[in-house]
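Shared chain: chain A. Partners: chain B in the first complex, chain C in the second.
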Partner chain A sequence: MLAPAVRTFGRGGIHPDPHKQATAGRPIEDLPAPAEVRLPLLQHLGDPAVPAVKKGDLVRRGQKIAEAQGTGVPLHATISGKVKPIDRHPHPTLVLAQAIVIARVADAELPPLEFPEDPEWRALPRDEMLARIREAGIVGLGGATFPTWRKLQLPPGVEVDVLVINGAECEPYLTSDYRTMLAEPRAILEGAVLMARILGVREVAIGVESDKPDAARVLRAAAAALPAAGVAVHVDLVQTRYPQGAERQLVFALTGRTVPAKALPSAVGVVVQNVATAAAVHDAVRFRKPLLDRIVTVTGPGVREPRNVRVPLGTLLSDLVNFCGGATDDATRIVAGGPMMGRALPRLDIPVTKGLNGLVLLTGKGPFEDGYGPCIQCGRCIEVCPLGLEPDQVSVRVEAGKVLDTAPYGAEECYECGSCTFVCPSQRPLVQFMQVAKASLRRQRETRSAR
Partner chain B sequence: MEPQALGIVLWGLAVFSLLGLVFGFALAAAAAKFQVPVNPLVERVRDRLPSANCGACGFAGCQVYAEAVVQQPDVSPALCIPGRQTVAAAVAELTGKAAGNVVDRIVVLRCHGTTAYARNEAEYAGIPTCAAASLVFGGPRACKNGCLGLGDCVRVCPFDALHLGPEGIPVVDVEACTGCGLCVAACPKDLFELYPRAHRIELSCVARDKQSVVRAACMVGCILCRKCVAKCPAEAITWDGRTIVIDHEKCLAYGPSCNEVCVDVCPSTILHRVGQRPRPEVAEPAAAEV
Partner chain C sequence: MSEIPAAAPRTFVVTPGPHIRVAQTTASIMWWVNASLAPAALWGVLVFGPRALAVILASVAGALAAEWLGNRAMRRRPTIGDGSAACTGLLLALTLPPLVPWWAALLGGAFGVLLGKTIFGGLGFNLFNPALIGRAFMMATFPVAMTAGWSAPLAWLPRPLDAVTTATPLGALKEHGLEAAVRLISGPGGIQGLALGLRPGSIGEVSVLLVALGAAVLLARGIITLAIPLSVIAGTLLVTAFSGAPWLHLLGGGLWLGAFFMATDYVTSPVTRGGQIVFGLVIGVLTGVIRLWGGYPEGICYAILIANALVPALNLWFRVRRVPEAGSPS
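And now, the complex of A and B:
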């Protein structure tokens, strides 16, 4: 018998060493409430939340501490405690940003809020479901942190017919989505059906990479057990190939549709949500439970006891690393996120934010520490770019100080998967050149529109 | 020489001369027919401009500015900043417009985070430009507002007025600086500010954080104690709620009778006289009450 062709994307892609064995077999563990959390007002794409508490206030876990504003989402206390002065603190992506700091008070004195089930939760009107999702502060937990309520509220004239649930988790080292799929398949499925009802779609496609067949099996079993809701759910294995979990690549693999450049998947009738987001949506609609924790994979050769941890948002990375046995003596680099798309951080007094799916500590020399060579025009970066962009052309123009001439080579379309840098035989920081070009082009556009 | 060979030479000369004449007349006719009228005044204005193509006038180079100033009545002849008053007067005379006053400015680097004074919190490996380094958690310096010392400004300066000094930050050559402002746009930390060429004091820091944060990162960071604001008799130094602002016109107008008291009260020595460098080793310990 012929094996069915495994679904995958069209062009480019790479096969990095997965490095997932250290944490793939470890169930999710709960981090005990830390002594302090720092909750940045901006942990999502959109307008920052506005503080609703002041210094000295006592807050309970689950209580709203900052109101949503404009395109944003609200923020909730993730531990019970006392509010410290609101000030600028280190932030994983914004470097320094306003944050609400809460010092823990014992649960006995200040018990966390309870979130009982709403018996009517399956029959709620669409607007009520959207309102609960926004009130819960849910954003895309795959890392992009786009507010989920906005993604589910399609602009007029846009129609979608498929909801894609992203369980690919193609980043090396990370297993947080994998463990979530094994631990909460029911919540993921229920959340997916709720979102399908909000969007008015009848088909939900869940994509799981072929190296996680057990996750696909568990999800299929949960799908079979779902009460009929007029929504067809199918779980599909997709090829283990980086960047399979990128939105465009997964949409192509599961539906055969190509998202046009600079357009959203909704342009081809698809909305994509991460598995952890689906589970959070379920909790928000069924229990009115806000997003208080997230699953983070703490791993890498620089961590003594790699683990998958459920951690209250705002917990400092140092507390998280200590929970995992601390850093090894030879740890040299901290990466927030996976090694392909994550960001290098200089220290650990930085809080866990909604978009952080992994923390990888690495040892030894980093890339580019011995410098890098000139472009030898081999074209391998173009071959592996899943979007067919030309990182080589962008890189030589940035080097020559001609940043504004990079637009024709796709600098603005790049979503920074890093495949080009991975294969470059000259070890050039190609994705970093892309980032510089993107930042400069954005800056130029902003100054132009300001004039 | 064979007579036959001579014939070939003469024929060749005749044919090519004729061809040359025909093409010459054709080109002359085409040049006359397709001539683009050029205002000779544009050429003359263009010749008076400095040819740095720096763009400080707001136009895309000297040629475009020359065309604009000649053809558009509302374009001022005093926009060429590197050319200063001389060029403005010449352009004004050529175009028959009033020159007015050109503000003579130079650029000041508002950071003195040398390798000796500003701490690094990480090592940076990658593209050796400030634009790239600043994308990695604001760069390797512990101070997230300060100079990264990788010289993006040096590379864009068309007047060779910026050089990376031995202390890890760029140094402005005040003689060569024309105040064109290209470095202002190139710095990802927005550290360059255009000051009037004549000014008495410089605040070489843009810190916006509280004392504990600044002190942990840099020995000469401004801690926003605002003693200078309180002491200035000319009210030329003010606090806008976020940062310290110096009004150099007021400062100059008041004159030297204040003895630059603001400089003497600065606990970080970061507010300093022109040409005098911050010297934290002689400063008093930072005031504790802030």
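And now, the complex of A and C:
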């Protein structure tokens, strides 16, 4: 019998060294509650939360400390303790931002809140489920941090028929989703079925990269054990190939549908959610449990003991790195997220936020520290771009100051997977050229429509 | 006891992502090209003697000197180490007749880099292959040496300083017909001279076998692909198939050196597969046309230069098809 074909996306893509062996075999470990957490009011895409506590208040783990506002989500205390003055603190993406700081008080004095099961959880109306998901502060845990309640509330007129659950984890080094799939397959599947019910879809497709066959097996076994809910769940292996976990690429691999340029997957009837998000949705609907912790892979040649860690949100990266044996003396760079799309951080006194799926400590010089050369027109960036864009053309135009001439080459469609930059022999920062072009084109369009 | 001062918080380098990349760089690619040309170059020195070595060294020296001068004149950071100027010099030398005076090769290398690359703005901005610009310059400046500087293979061994000029197989074919060409290559190496590389010709073109070996290294390392070279060879075969001596056109000139090492130059070839195939076919067909009906016995140099001029158009005509926007006609 032939092995079932492993699905994948069409053009482009790269095969970076996976580097997953350091943490793939390590079960998730719990970080002991830190002495202090700093919880930024903005850890998601949308409006920041509004503090509901003040200096000196005693809060219990699980208690809401900031209210949702507009398009945002609320925030909860992730350790029990005393609220310190609300002030601006280092933030992974905003540099400095308002954060609620909690100094820990022993659990014996201030026990964490309990979250008992709601016996009616399987039969809740749609709006109640959505409200619980929002109240729990859940956002896309794959790194995008888009509020999950908004993604599950489709605009009028948009209909979807497939929910895709993203377990591809195509970024090198990262194993947090992989260990989550092994540890909580039941929660992931229950969460997926709940979201399918909210969306009104009857098909759930779970995509797992082919280098994690055991995760797919565990998920399949859990799917077989699910009580019948009128939702068909299938787990498919997808090729180990970057960026397999990008929404467009995964949707094509699993459903054969091509998401049009500049559109969301819902344009072809699909919503994509990450595996960790699905597990969090399950906890929120079944137990009314807010998002308090997340799984972070701490790895790379610059950390002494690579681990997969369950971390209370707001924990300082320095506490997390110390739990993993500390940074090596030759560590030069820390990347929040995976090494392809993650962001380099200057320091470790920055809190763990909802979108942080990994912390990769690297040694040696980074790709651009020695500058970059001219485009030699080798065509590799075009070959690997999963969207068929032309990063070479965009880059030379940005260099020449003709930023607005980049539109025909697809600058606005780029989602910054970094494949082009990964292969560029002249070490050109093509993603940054794309960002510059994208920002200028957007600004131009906005000023034009404002007129 | 004095208090231990708190250590300053450790800071890390912030660079844009992605934070990992392939090991290959422009310089490493250029040096691999140079290295894969080395066997054919060494063979040329073995077959044609010390004068061939002098031509190679002079051409490379000329190219490097011009690169240095160009960097200085344009106040750019030095690029001699990236291997691209050395590559231009080496490639030019390999297309030259072995008996060309060394100082002519020096000038050729320098002009190739200056007129072929520097004045366009340096590496990446040139329209034409710099090595072939150097060769075209020499054809115009030293026409006699460039068309009569051929040596019989191994002729330097008995009398190292005495040169024996002869014709190339393609030259003999053009001037005197197939029989003369066959007589020429059935000299010292016998008819196998073609495959072994014991025949008159340019320094680097004579051993098709070693050129192919170098090309195999570049293919294995993913530096070049087969799209351009195969279409070049196919194009030439197409035109010369009924000329009576297609095998002579295939193996008797500089087709392989040009197809695998010159037509594949990134800067002066199209970026997409479709463009590359058309580009290769144009070179191949023009090579055959020049050889059969043109004024020169060998046509690959001008064929590549003409096709170079088509590259911007080919890049425009053969673009990658993107996913269309919703609602747009597809």
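Everything that follows uses one rule, which is that the second predicted complex is superposed on the first by the 438 of 451 C-alpha atoms of A that agree within 3 Å, B and C clash if a C-alpha of one lies under 4 Å from a C-alpha of the other, contacts with A are read in each partner's own complex, and residues count from 1 in each chain.
Throughout what follows, a residue touches a chain if its C-beta (ideal position, glycine included) is under 8 Å from a C-beta of that chain, and two chains touch if they have at least 3 such contacts.
Everything numeric here is computed off the predicted structure, so don't read it as measured data.
Undergrad: After aligning the two structures on chain A, examine chain B and chain C and state clash or fit.
TA: The answer is fit.
Undergrad: In the overlaid three-chain picture, which partner chain does A:Ser440 touch, first (chain B) or second (chain C), both, or neither?
TA: first
Undergrad: Can A:Gly366 be said to touch chain B (first), chain C (second), both, or neither?
TA: both
Undergrad: Given Cα centres, how many degrees, to the nearest 10, is the angle at chain A formed with chain B and chain C?
TA: Seen from the centre of chain A, the opening angle is 70 degrees.
Undergrad: Quick one: classify A:Gln432 as touching chain B (first), chain C (second), both or neither.
TA: Both partners, chain B and chain C.
Undergrad: Which partner, chain B or chain C, touches the larger number of chain A residues?
TA: Partner with more touched residues of chain A: C.
Undergrad: Give one of first, second, both or neither to describe whether A:Pro172 is in contact with chain B, with chain C, with both, or with none.
TA: second
Undergrad: Please give the nearest C-alpha separation between chain B and chain C in the three-chain superposition, to the whole Å.
TA: Checking C-alpha atoms only, chain B sits 5 Å from chain C at its nearest point.
Undergrad: Enumerate the residues of chain A that count as touching chain B in its complex and touching chain C in the other.
TA: Looking at chain A, the two contact sets intersect at 343-347, 366-369, 429, 432.
Undergrad: Where on chain A does chain C make contact in their complex?
TA: Where chain A meets chain C, its residues are 11, 16-17, 172, 258-263, 267, 327, 331-335, 339-349, 360, 362, 366-369, 373-379, 382, 385, 387-390, 392, 410, 413, 418, 421-427, 429, 431-432.
Undergrad: List the residues on chain C that touch chain A in their complex, please.
TA: By the definition above, chain C touches chain A via 9-22, 24-26, 28-29, 82, 122-125, 266-267, 269-272, 319-327.
Undergrad: State the interface residues of chain A toward chain B in the complex, per the touch definition above.
TA: By the definition above, chain A touches chain B via 87-88, 95-96, 343-347, 366-369, 398, 401, 403, 429, 432-433, 435-436, 439-440.
Undergrad: Write out the stretch or stretches of chain B touching chain A in their complex.
TA: Touch residues, chain B against chain A: 121-123, 125-127, 129, 131-132, 135-138, 140, 144, 155-156, 209-210, 213.
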